[in-house]
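The structure is given below, and queries will be raised subsequently.
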Amino acid sequence: MARLIEYEEASDEVRAVYDEIMAARKVDRVNNFWKALAHDPVTLRRTWASVQEVMRPGALDALTKELLYVAVSATNGCEYCIASHTAAARGKGMTEEMFGELMAVVGMANETNRLVHGYRVPLDAALREE
Amino acid sequence: MARLIEYEEASDEVRAVYDEIMAARKVDRVNNFWKALAHDPVTLRRTWASVQEVMRPGALDALTKELLYVAVSATNGCEYCIASHTAAARGKGMTEEMFGELMAVVGMANETNRLVHGYRVPLDAALREE
Amino acid sequence: MARLIEYEEASDEVRAVYDEIMAARKVDRVNNFWKALAHDPVTLRRTWASVQEVMRPGALDALTKELLYVAVSATNGCEYCIASHTAAARGKGMTEEMFGELMAVVGMANETNRLVHGYRVPLDAALREE
Amino acid sequence: MARLIEYEEASDEVRAVYDEIMAARKVDRVNNFWKALAHDPVTLRRTWASVQEVMRPGALDALTKELLYVAVSATNGCEYCIASHTAAARGKGMTEEMFGELMAVVGMANETNRLVHGYRVPLDAALREE
Amino acid sequence: MARLIEYEEASDEVRAVYDEIMAARKVDRVNNFWKALAHDPVTLRRTWASVQEVMRPGALDALTKELLYVAVSATNGCEYCIASHTAAARGKGMTEEMFGELMAVVGMANETNRLVHGYRVPLDAALREE
Amino acid sequence: MARLIEYEEASDEVRAVYDEIMAARKVDRVNNFWKALAHDPVTLRRTWASVQEVMRPGALDALTKELLYVAVSATNGCEYCIASHTAAARGKGMTEEMFGELMAVVGMANETNRLVHGYRVPLDAALREE
């Protein structure tokens, strides 16, 4: 298990990222994910910048992006990611009904993905150029 | 590759499902997925009923559900599923900008899922009960 | 794509494995899988020996083992593996009904696996020591 | 972690499913999986009905279906699913020898799936139409 | 299939990235991957910058990084990624013997990962704090 | 969870493998992985022999092989495998900087694998025969 790097012991480079995270999220601590990544300040910096860019509202709103994050994380079985992005989605307005439907779609998609693989379903001509 | 069962050669049981699919989707043919599943009429019937139930608009709208389907399918590398649900999402209003952001989130989530696994990041106390 | 190493051009070491495969399977050619692995004779030899040991009838019969192989391959989306082990399963007695039920179980298991992940279902006490 | 919905606090709709599960399985409690799904009674009902349909003995017997479930769950790394379906398989007659061979096939299939991917093995002509 | 955006039709923003790629790699065309990503210039720019940062020689040399890329891609079954990073690894000195050993490790790791999952092997005390 | 088979209670067949492992690794205990596999002495023997063959230094050195093992295990989310092979890699000289770069490559590869899938990027002509 990665030793977590706390603010007090962090380098200036790492503290600068922690400061940005806390300011952007209006919290007074950073999640363990960032404290683990702090072992590699280059990846910490790049990942924080990328997450900022990817998750900001654009053509898709912030809640939809969190739902997509949970869908991928449930498919990959990443408990930490499911927990943290489910919390983030709740913070952005996800209700229990929405979570239930999210899970239902994720389950169904994982099921039909395997039916398609197992039956080796050929692409419809109409889908070839899609 | 599964031989596809065309309407003309299908049993009455299978034709009944094909008829429902064509009526519900307002099309005059069914996709290869259903023609492959037709080898097993029980699974054909159950899968069609389940997809109907899961994908109908509810707490989440129909487009969001298609985006989630694409996110799972891209994570699993199911080309047929990506193609068919990307087409469905476009039919429900997905723009090219939305697709780009969808892919960006899917890519990022797959990346951070593995950083979490590799660093063995422990759950934050606050996330434990989430 | 791996260049396939044909019998005529193969080293003695590789030919010896090809001969064993053809004798064991009572065929006069080996599948492309072995012709690709032949680039690495050590892995070719070990993989053939391991497959022999693992797939031979024991507490589980040969057909059940092929069904399991297809289940894993469909879950992983390995088209070649699905095709070759579906063929092998058919050769060992898998009917179309059996294939249909196999796929139904594989699909269902992939679905519920994700429901479990997404809901973060805790282990029942009774399952902890299972 | 999903809060588990106990029988006492469950809605009539959920209790009806719990009653069916306990009756079908001849037990006096339901597993945590169902208590988590109870947050979404629609998915609870559909999943229970689907599992009943898929897992009932047919062309494949009940034990073989449980083995397949374990194979998929081990491939996906779903601990809960492995534990619960291993227990179910034991209840249906799986011996320790059978479990050992099951795992050996699952491991081998996961290994060769990746060898096929990495070497990009082309489909044999004979497998193309399989 | 994504329509590929060729240099001639690309926006200035996209051309600037294409120019950087061609200069950095000393080639006169960019791979299809970049021509597909060009639909989303923000992701194109970020992905190119990130790949540059991640793949440059550091504590690990450039060839080792390509081998790791192939290992992940073979595990995920991404044919395009396997093909392009195998080519890159060859360009950086990977011999046929090295590729064979790479595949052998990838296969074995995928096998033992599933044995660990299936047997639900508990962490050794000594590994807990690793 | 698999009951672990300790040396004292192991059969002669299992003890012989344990002895080989302890001698080869110059340790006085075997990891839980082997104690779980001991339920199936045939798989225990084959897996140990295969790991020996695959992980021995050859065209790739021992450290590179451990890094590849970690890359696959992080992609698959196998915590035990990540922990044990990270420890092994450290024992063979992996520094914290190397681990950071390893994780960065694994994350990036998992990200771009999905971008390739989602955009359905066609193989470049030049990669077709690679």
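Each chain carries a letter (A, B, C, D, E and F) given by its place in the written order, and its residues are counted from 1.
Just so we're on the same page, a contact is a pair of C-beta atoms (placed from the backbone, for glycine too) under 8 Å apart; a residue touches a chain by one contact, two chains touch by 3 or more.
All values derive from a computational prediction rather than experimental measurement.
Colleague: Considering C-F alongside A-F, which chain pair is linked by more C-beta pairs in contact?
Modeller: More C-beta contacts join the chains of A-F.
Colleague: Please identify which of D-E, B-F or C-E repeats the interface of A-D; the criterion is that more than half of the contact pairs agree.
Modeller: Looking at which residue pairs coincide with A-D, the repeat is C-E.
Colleague: How many angstrom lie between the CA centroids of chain A and chain E, rounded to a whole number?
Modeller: 21
Colleague: Just how far, in Å, is the C-alpha centre of chain F from the one of chain D?
Modeller: Distance between chain centres, rounded to whole Å: 27 Å.
Colleague: Between chain A and chain C, what distance separates the C-alpha centroids? Give it in angstrom.
Modeller: The separation of the two C-alpha centroids amounts to 34 Å.
Colleague: Provide the list of chain F residues touching at least two other chains, using ranges where the numbers run on.
Modeller: Within chain F, the residues that touch at least two other chains are 1, 39, 42-43, 47, 50, 75-79, 83, 97, 100-104, 106-108, 110-113, 115, 117, 119-120, 128, 130.
Colleague: Draw the chains as dots and join the ones that touch; what shape do you get: line, ring, star, complete or other?
Modeller: Shape = complete; every chain linked to every other.
Colleague: Spell out the part of chain E that touches chain C in their complex, as residue ranges.
Modeller: Of all residues in chain E, those touching chain C are 77, 83, 96-97, 99-101, 103-104, 107.
Colleague: List the residues on chain D that touch chain B in their complex, please.
Modeller: 1, 42, 46, 50, 53, 128-130
Colleague: Residues of chain F touching chain D in their complex?
Modeller: Per the touch definition, chain F meets chain D at residues 1, 39-40, 42-43, 47, 76-78.
Colleague: Spell out the part of chain F that touches chain B in their complex, as residue ranges.
Modeller: 70, 74-75, 77, 79, 82-83, 102-103, 106-108, 110-115, 117-120
Colleague: Would you mind writing out the residues of chain D in touch with chain C in their complex?
Modeller: It is residues 1-2, 4, 31-33, 36-37, 39, 43, 47, 50-51, 54-55, 58-60, 64-65, 67-69, 71-73, 75-76, 78-81, 83-87, 90, 95, 97-98, 100-102, 104-106, 108-113, 115-117, 119-124, 126-128, 130 of chain D that touch chain C.
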